[in-house]
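Everything below concerns the one structure shown next.
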Amino acid sequence: MRPSGRDLSEMRPVSIETGFTKHAEGSCLIKIGDTHVLCTATIEDRVPPFIKGSGLGWVTAEYGMLPRATNTRMRREASAGKQGGRTVEIQRLIGRALRAGVDRVALGERQITVDCDVIQADGGTRCAAITGGWVALRLAVNKLMKAGDVISDPLLDPVAAVSCGIYAGQPVLDLDYPEDSEAGVDGNFIMTGSGKLIEVQMSAEGSVFSRDQMDQLLTLAEKGVGELVAAQKAATA
Amino acid sequence: MRPSGRDLSEMRPVSIETGFTKHAEGSCLIKIGDTHVLCTATIEDRVPPFIKGSGLGWVTAEYGMLPRATNTRMRREASAGKQGGRTVEIQRLIGRALRAGVDRVALGERQITVDCDVIQADGGTRCAAITGGWVALRLAVNKLMKAGDVISDPLLDPVAAVSCGIYAGQPVLDLDYPEDSEAGVDGNFIMTGSGKLIEVQMSAEGSVFSRDQMDQLLTLAEKGVGELVAAQKAATA
Amino acid sequence: MRPSGRDLSEMRPVSIETGFTKHAEGSCLIKIGDTHVLCTATIEDRVPPFIKGSGLGWVTAEYGMLPRATNTRMRREASAGKQGGRTVEIQRLIGRALRAGVDRVALGERQITVDCDVIQADGGTRCAAITGGWVALRLAVNKLMKAGDVISDPLLDPVAAVSCGIYAGQPVLDLDYPEDSEAGVDGNFIMTGSGKLIEVQMSAEGSVFSRDQMDQLLTLAEKGVGELVAAQKAATA
Amino acid sequence: MRPSGRDLSEMRPVSIETGFTKHAEGSCLIKIGDTHVLCTATIEDRVPPFIKGSGLGWVTAEYGMLPRATNTRMRREASAGKQGGRTVEIQRLIGRALRAGVDRVALGERQITVDCDVIQADGGTRCAAITGGWVALRLAVNKLMKAGDVISDPLLDPVAAVSCGIYAGQPVLDLDYPEDSEAGVDGNFIMTGSGKLIEVQMSAEGSVFSRDQMDQLLTLAEKGVGELVAAQKAATA
Amino acid sequence: MRPSGRDLSEMRPVSIETGFTKHAEGSCLIKIGDTHVLCTATIEDRVPPFIKGSGLGWVTAEYGMLPRATNTRMRREASAGKQGGRTVEIQRLIGRALRAGVDRVALGERQITVDCDVIQADGGTRCAAITGGWVALRLAVNKLMKAGDVISDPLLDPVAAVSCGIYAGQPVLDLDYPEDSEAGVDGNFIMTGSGKLIEVQMSAEGSVFSRDQMDQLLTLAEKGVGELVAAQKAATA
Amino acid sequence: MRPSGRDLSEMRPVSIETGFTKHAEGSCLIKIGDTHVLCTATIEDRVPPFIKGSGLGWVTAEYGMLPRATNTRMRREASAGKQGGRTVEIQRLIGRALRAGVDRVALGERQITVDCDVIQADGGTRCAAITGGWVALRLAVNKLMKAGDVISDPLLDPVAAVSCGIYAGQPVLDLDYPEDSEAGVDGNFIMTGSGKLIEVQMSAEGSVFSRDQMDQLLTLAEKGVGELVAAQKAATA
């Protein structure tokens, strides 16, 4: 029934290649099917003004899409002179998600910026960015711990994200672009490795949904995040 | 237990004054406690390029906050030269929410722009904007129907929104600013008059939550939206 | 002869509702006929760099119009990415006008920002903004004096403004929008409570005028400002 | 008494060199003392959208200052990314002033853009720009008439401008920079060759003035504009 | 003598992986040592206004750098709100270089946009972008020819680029970052497969050079471009 | 053969009028035929952050064109909201060129900004800007030396620039606009008074060139720069 022939609860193949770029303190290229996102983590010894002197650390994120990551070329945001509303929404989401998994006292007064740049898009780029972003963050924190700059591990539990939606009347896991563009209802579920929820965003563009349907999607999301967390652990072991 | 002395499932007082400005095709000043939002609906005989010639209508929204709507003065976005990320996120949310309740075929090829400007803020401005925005939209559509420009009613079911969250360990309905700034978990629930969900956005800034907690908040939200829809109906009767 | 049926030297009804918003140190909603402007005054313990350390205070103003304050919707300046030329001109005028009535030594080294946001427009918005802006300023200064932060009153004489013009060949007081859009010659007169001039801006878009006509308009302006100052005093008594 | 040793009612030396640049349809370098402004007029066979098809012409103006026209270097507006409030105010004023002297029916459906760029500033740049801008406009219109594109002369009466103010308690004509920076009250007076008023802008930064003082300044302005119009006529004879 | 141990006239290893992304009409990841640039070519059936209706085609380029392509993180240009001067300079250079190798009549009235995004930087990114950009362009044109949309090959001769400079007093080929940051004189040489010059940019930041030195660098550049053209041909065979 | 009737190796007439504006520390109006550029040099006691405390000076440049410097009016960059790519490229070039002739230790920790504004354009504006910019710089440095603020002369050798190109198959010196717009190959050559090269930019828009042709143009450039340096010396003697 799904365009890709996948089962309703079947993820696309997941691969995570760490160390994809040499300058960043942590980096990976994550591939969820044909969605490819390059994630890098940068450590800096400064924090935003509003927490200066607090002893707390900060994690933030930026998101971008290369102009031809998509089927038709999109205008380059740097040339348009501003980030679009969608970009701003997504990078705020990634930042909140990653922060939820960080013990900011243990991190100490420093900032880690996670850049997520979509090389190729086929649906679910924000979820791939969160999942891959956490891997880049994990690698950067490992470097801090190895150097003795951080003593107690500030990353207690992995953070990963997956999309689910109602496609052709059925709840499905991990929507690719053909499904995403048809689904009336879809959502992003951000969870921890131990199964807690961090953020749920369900939206029905021009449609509505029931509490029952929401429950079914949550169950699918728990399965998907479980598989993603396993991939994160394998990549950073 | 709540700073305002309200019960856990008690909304703030709601009032909706229609016709607050004379030029707009529909307008109201909605007050949810100390949160006051002016909503106006503008009808135009043009639609965005991507639906030109389709026969379908469009509903969109813009959101703003007067500089001194808040406790300390915020920089005016027009002077800063761009809308902040929060503003963009909120106005996209309002637009999606209102469109979910519109039969775009019945509306015909015209655009209605709903402007929501916060006069005074005390938490929950985006929910007040959606609830009041629907009233302005309802009044504008009434004008179209009265003039015979629209035959079949494109607004089948009211749309309203409420926030809920975990405050001091307890699920509470309709957070005001003191609660909002303390709550680790909170969400916005957008629903129809008949109890269907349109959008759910739950977020745990620096925290996590369980499926059980999510269920409790959904139950509170159903109660709150019910009361808001009653107020909408009374104001537009 | 006037579209509204008013006499040549008759103002529209004036009302000033103080305390319209709760956060600002001073606020009012001023209504000059169908022109409604919300004015708020914000006190901050900082001054612009060019007077830092001088012991002098500063008063500045910003002006905005809600998108649907007018008969057809105007583009939101925050979304356009900049304030238009007309907006910039007006807010500079308001700032100069209010500063002319302030003893900046008595105010002490602090800044008061007066925000004037037009809720509904029907001609004369800049004059209403100045007149209402002074009321907000007065209320904010009262708060400073009550708290003992300011000893000697820095507001010696009220500041108010009114427009006059040549409509259908006749000098008229307080133009509303139908008159304003037809008048070849019109001007704004900013004066003190004791009848001194602060600023005169007379302009003949595509026309000319004589010194005699200018004199007649000045006489009308003196009458109008007198009535506005009486309303200011009543509102802040 | 004046820093320059001039009499109270004495203008600075005026010179107007026409044809200063070769590409523009009309151009001049006007010098009012040490204030030097290059004015060019450009004719285009298009008009702004709001008068398209009306048969009417349009005259507009833009104003700029070279970064080192002043005593200390000002930031280049092109590099700052926007025109400052003062620039916008001035170029709107120049446009209105020039339009007041144009028969837009006789001009026909075309646009003339007058660019006024300050090469060296010593007070009164906006008045010099209006006076020189009219000369550039006159030369461009002459070219249209010579080519038979315009039959009836659309420039019936010259337009010129001068500043006056209260300096050291005395009304003075044509303020230079040392006077301008000290004067509590000053104004710009735009008039026609036949002595009619087009625009009056009097302002008292941090001060006030009486109707008597205003009258005295008007008398000075009439004298100054008379001399400027004579120079305009000599330059374009 | 070189930090990398290379001979004076030795290029870094070159690799070109075609088809790196699936949506673009042509794409490759080019690696010149540790400089990695993703190049994509997009075909569109529209041309810039200035050649509309001329029957001629157009080739243009855009250039970007991911924030952490470099040793320290650079601010994202989309978030800064504009492309920096260096970016603008480089993308104009790439466009001119590629157009020099295109028969725009044979291409027909269509536009090809080549996007060059630096994934990892180690000196010479603009040269890598031109060399890889030509490969992406070649692949996109192949697709047009295969589909019969273009009959006669518009790409007569490959275009490639290399940098040379004076490092530690010696002329060297293909500067990497440690050399580039030390070299007083360096230049970019863009040439065709048959050895003709397209563009030469030699610059001595804070230094000077002689005609003899320029000749030596040109000889090195011819060697380097020869090797790059061989790699281009192998990749697109 | 040349539209102007000049010999292949003949420059246009050169004139340099120093002291063209009174405020700048150094200024000149340089005319290369019908290309007229106003150059001013501003001395400031601050340097960019990246050299603060180094004891080194800095020289930078900005470039602009008045809207009607050209045959058809160009949009004012201040009003367009940003400097175009061509402007940015040129001003970076001017800055690099001038810095190459400066002993930054001898200059001491101060910044000189050279503004080059094109009053009238007829080809070769960037070369005229560099040549005239050096004169303004020389005059400003003279002032510093006369005041004893700088002891050892930081300007050892003049800097001048000229364009050459292949026009109608022949190498020609100092292209004017009619030649520039036709030439397939042209370049800018920046040299010192003693004949050393600072920067070479040769470009073939839609064409190619040989090493022999490049040599011929270099020989022409040496002749042209020689004449320009003589004019610089005469003007600043």
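We call the chains A, B, C, D, E and F, going by the order they appear; numbering starts again at 1 in every chain.
What we mean here is this: contacts are C-beta pairs under 8 Å (C-beta built on N, C-alpha and C of every residue); 3 or more make two chains touch, one makes a residue touch a chain.
Values in this document were obtained by computation on a predicted structure and should not be read as measured data.
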Steps in the shortest chain-to-chain touch route ending at chain D and beginning at chain C: 1
Touching both chain A and chain D (chains): none
Same or different contact residues where chain B meets its copy chain A, judged by the half mark: same
Repeat of the C-D interface, chosen from B-C, A-E or A-B (over half of contact pairs identical by residue number): A-B
Length of the line joining the C-alpha centres of chain A and chain F, rounded to whole Å: 51
Inter-centroid spacing, chain F versus chain D (mean Cα positions, whole Å): 33
Mean-CA-position distance for chain E and chain C (Å): 59
Residues of chain A engaged with two or more neighbouring chains: 81-82
Complete ring sequence of chains beginning with chain D, oriented so that chain F follows: D, F, E, A, B, C
Residues of chain F that touch chain E when the two form their complex: 82, 85, 88-89, 92, 96, 99-100, 104, 187, 192, 196-211, 214, 218
Residues of chain B that touch chain C when the two form their complex: 21-24, 27, 34, 36, 38, 40, 42, 44, 62, 64, 66-71, 73, 76-83, 87, 113, 115, 117, 119-121
